[in-house]
Amino acid sequence: MNNFNKVLVVSPHPDDETLGAGGTLLKYKKQGHKIYWLNITDVNEEFGWDEKRIAHRQEQIEAIRGFFGFDGYYNLSLPTTKLATIDEGDIISKIRAVFDDVQPSWVLIPGQYDAHSDHRIVYNCCMAAAKSFRSPYIKRITTMEIVSETDFGFQNERFVPNLFVDITEEMDKKLEAMKIYDTEIEEVPFPRSLENIKAHSLMWGGYCNSRYAEAFCIVKQIE
Amino acid sequence: MNNFNKVLVVSPHPDDETLGAGGTLLKYKKQGHKIYWLNITDVNEEFGWDEKRIAHRQEQIEAIRGFFGFDGYYNLSLPTTKLATIDEGDIISKIRAVFDDVQPSWVLIPGQYDAHSDHRIVYNCCMAAAKSFRSPYIKRITTMEIVSETDFGFQNERFVPNLFVDITEEMDKKLEAMKIYDTEIEEVPFPRSLENIKAHSLMWGGYCNSRYAEAFCIVKQIE
Amino acid sequence: MNNFNKVLVVSPHPDDETLGAGGTLLKYKKQGHKIYWLNITDVNEEFGWDEKRIAHRQEQIEAIRGFFGFDGYYNLSLPTTKLATIDEGDIISKIRAVFDDVQPSWVLIPGQYDAHSDHRIVYNCCMAAAKSFRSPYIKRITTMEIVSETDFGFQNERFVPNLFVDITEEMDKKLEAMKIYDTEIEEVPFPRSLENIKAHSLMWGGYCNSRYAEAFCIVKQIE
Amino acid sequence: MNNFNKVLVVSPHPDDETLGAGGTLLKYKKQGHKIYWLNITDVNEEFGWDEKRIAHRQEQIEAIRGFFGFDGYYNLSLPTTKLATIDEGDIISKIRAVFDDVQPSWVLIPGQYDAHSDHRIVYNCCMAAAKSFRSPYIKRITTMEIVSETDFGFQNERFVPNLFVDITEEMDKKLEAMKIYDTEIEEVPFPRSLENIKAHSLMWGGYCNSRYAEAFCIVKQIE
Amino acid sequence: MNNFNKVLVVSPHPDDETLGAGGTLLKYKKQGHKIYWLNITDVNEEFGWDEKRIAHRQEQIEAIRGFFGFDGYYNLSLPTTKLATIDEGDIISKIRAVFDDVQPSWVLIPGQYDAHSDHRIVYNCCMAAAKSFRSPYIKRITTMEIVSETDFGFQNERFVPNLFVDITEEMDKKLEAMKIYDTEIEEVPFPRSLENIKAHSLMWGGYCNSRYAEAFCIVKQIE
Amino acid sequence: MNNFNKVLVVSPHPDDETLGAGGTLLKYKKQGHKIYWLNITDVNEEFGWDEKRIAHRQEQIEAIRGFFGFDGYYNLSLPTTKLATIDEGDIISKIRAVFDDVQPSWVLIPGQYDAHSDHRIVYNCCMAAAKSFRSPYIKRITTMEIVSETDFGFQNERFVPNLFVDITEEMDKKLEAMKIYDTEIEEVPFPRSLENIKAHSLMWGGYCNSRYAEAFCIVKQIE
């Protein structure tokens, strides 16, 4: 069994945790590790979302929590698409509080080159919060590939994976999880389609000799 | 004739469209394509500009519209140098509305490594607005070289052109257009001088076997 | 119809042309463009290959020529895996002779970050041979993604595509072409498997709003 | 004697000037150059710091001013960790006013890849303020290595030094200066420890054939 | 205990294995893993080395083998500084033969940006030999930091570590191992000095919250 | 007066020294510094050049030596375009012998991303020969911009200057020097044309507030 006994996934918006690391979270849970979910932004009436949509979002979140069997769930409920206008020191403090509470050994975060500014800010804040002298319990930080955001924005920089996790046995279950986000998925050629998610996994499998894989970029690992 | 029948240039501030793509816009217009201009920021009394200067800026804009013969003109009139303090989601929505209205096949935008933060934010917002599954009519996105901003800020990253447009026949007319921005140009060694603009074009010509050329970086092209 | 009326694909070894650009070559041929194939290295008895294998390789090459309907075919027959020990000036001269003979408007080449040193040397030699003041007829140079080599070697640098060609109608035919290289393909998770090639195409389709696409990196384009 | 007769160090927070360039400032001062300090952010009661801590910070700043013998000192007193929420145009104007007042020949600034967003914003604003056509007196701009921030944030980009200053004779005095920041230093393995600062200097010395050195990245130098 | 039960270090020249990974090899050996050494180049009379120096080199190699307790040792004995003139296909075949014999789970190799061309060629050949579909037993490939070569050559690219191994308990023993290479070490400021090696380790420790650490760059890890 | 009292320019082929640093060499000579020229490759009958062309090349070299007033001249006379097939260790030894003889304080070399493989190999060999612990007299190493090679080969990497030398007073004399290489220059749009060389200098001047400038990339500077 792997050494990362507490895995924390950080999603800028609900569904990023499933898109980026759904298979790996299921695999780690099955192997007996504990898994945690920290979500950063949320929707509410104040931002012009109607009641019904907000309620449905909450149902999705609850369903996902149950589906994965998360051992802990946190939601900062910050305003979607508006992170750039918030004091970064405050966001870092809130993330650090969750880090200190969970004491995760592996933290999974969005990438610094994603198209969405919320993703890039969450990357920066997590990196600041995860400095080794502040959070010595963190033994690995990786970015995830989140289809429809990763590699949709920057021109010279690209997601360069260096960690491949075999999710052959979890492939179908990851797709089932994605179906819970019925409002977020569509048919090919939409990137957040079940076919496309599966194609990505098969492609990454070709880099690591397994049928299906998820890919991550290790920013820091300590042994 | 080239396939990009609707060309939209996005300027963070008026004059970027001429500096970055003046020759190319003139060439495309002459070839029968339609050309459009979306300007992002503007000056007004609220930000401490005096009435006379504001009026002169409006005259410049009007003169440029006529000179190029733009088939459409949009101005978001957001506050100059203050884009970083505005909700990025709002800027993206406004840009998308223009994209949907024009349905451009080629979009020209400022670069992500320009010295001015307004330029970088416009880059990010345009890329987010131009995702293929949102704006399928966009067949090409390129960044432009805007002298006095491009390559004036970042140390390791630089504007790396991969598209060269022969503007030998449009060179003189581009310089005439720049003269309309009488408040923005000065003599050499000031970067926004007619001599320097011409030197850049002659230099790029050396890379593509023409006397004068404009250079762009293709971020995405679809065929 | 696109403006690139003569398309030349350069393969370090036979099968790279199909893996990298099979769908695009078929599409361009169908649209009435002329397509050409320049192969760089070959196998022979001197390098320890048996007669039967050599003969089979020749059959594959002939079958591919017919399948695609190439309007011209060149083979430098340089020794496989040994390009690094050959005078680079000589290789460049031989490539230039082919360029001058075909006068291609679009040249497709392997990538400078591929795992195989033959690929990297072919990249360098083609770039040297294609300088605009030497080969003014070349209006576009792109690198191709060649599964099992591209992104299998370098750690920080990666293939960053900026050109996507919709090959939805050519997908099946590309896979048929690959079947001709019966000695080179295997089952998943081997990267040169039909399933993996298809997954790559579906993934790239997600970036450009088509079902299947091939991806290229434009190094230089002139208009 | 070196040609940079006026050296200005820009610290996002007090202690960055000593960590990044303490030895070099001492060396230049000893050689007869004039040295200046521009500090960007500060703490005050409004941001929740208690009176005693604020007073101690002021004592540290005064002690450092005396220790180095700065020929000029400026403090913008902007709010710590909150630079991202301030109008960038305003910050640039304030920095330019100091540049114009000092007319420095060498400006030392934090790096664009530091973990702290304040550092990155100060980098961007200083680069914008230091454009050659605005501040022709600036003959060199370099970033500094600030332990505990530099290389603690970004994954592909790293501080790449190209200037090494021999500080063998100033090593001990730099450590004495750091001791003034008694609230900021701790024991190894904390990065801001005297042992770690010394180890960095010895390591850089190995790159430039001296016992101890400080490392900088020249962004622009004019001769 | 970590999962990498067979660790293979590849040195272009003897001493690279100790400089790059001495502490980590000692730690893994102590934890019960098996450790292997593949050396690539060697000196002999044919290349102008005198008998005495050759004999001393052999003594050093033997002493190191005993000191670390390597469970296997291989030496390709290719000519030092001349790898660029050898058929790369041959080098790859020889390295693959060792890989297949050892079936290592973790392979440690020199970096692609090292100053010495032998290092860069060994990097390329190991990456080609380690493709997952050829060597599925390899679960991790990392580059090492080899003082006096790493970061002594390339200007924009630099060794970017993402794996830190705590070697606090092995620090003294690593330095003892280096003393065996009496012909290779000198006093500070020479980079291959005991003081400098220790300073590097203390510096990396600051990045991972341990007193001393070795740093590596994970190119690929499979789980 | 600047501190670099001995300046050594390294040209892969004759004319690179003038294209890359002609103005700067003239300026330094005028200021009283000593200037030296190390040329790496040459043409001879063995490589298929006719006697007349070889004689003319020698005349050009002699004329250039006189024009600049070089205080020392070295020519390794290695075969043009064939450096990749020569033992890199030998090239490094020969370059080191010249370094030790001249003991230059500033060394100017071609860039690692130039299109010509000779340029890249000369870069690598000079960097290996210039390690600080071997050649402590070298206080600065810079790459030069050599039009028609620099930025004609690599796609993501580009010449990124960080040193600008005002050559306003030497501009005309640099062009006169280039006229000596009558076989190498042509008219615009050929990159090695007098007009293009002048345009490059005017463009770089815009980055450093002078009319004409040469641009270099400082790889290492020691103070």
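Going by the order they are written in, the chains are A, B, C, D, E and F; count residues from 1 in each one.
By definition in this document, a contact is a pair of C-beta atoms (placed from the backbone, for glycine too) under 8 Å apart; a residue touches a chain by one contact, two chains touch by 3 or more.
Everything numeric in this text was worked out from a predicted model, so none of it was measured.
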item	value
Neighbouring chains common to chain A and chain D, by label	B, E
Size of the rotation, in steps of 5 degrees, that lays the CA trace of chain A over chain E	180
Chain centre separation in whole Å, for chain F relative to chain E (CA means)	36
Contacts with 2+ other chains: residues of chain D	84-85, 133, 148, 152, 155-156, 160, 162, 189-191, 206-210, 219
Contact pairs between chains, per stated definition	A-B, A-C, A-D, A-E, B-C, B-D, B-F, C-E, C-F, D-E, D-F, E-F
Residue ranges of chain E in contact with chain A within the complex	2-3, 132-133, 136, 162-166, 206-210, 218-223
Of chain F, residues touching chain E in the complex	84-89, 92, 112, 124, 127-128, 131, 133, 143, 157, 160, 217, 219
Interface residues, chain A side, partner chain B - complex	80-82, 84-85, 115-117, 148, 152-156, 189-191
Contact footprint of chain D on chain E as seen in their complex	147-148, 151-152, 155-156, 158, 160, 162, 188-191, 193, 195-196, 198-200, 202-203, 205-211
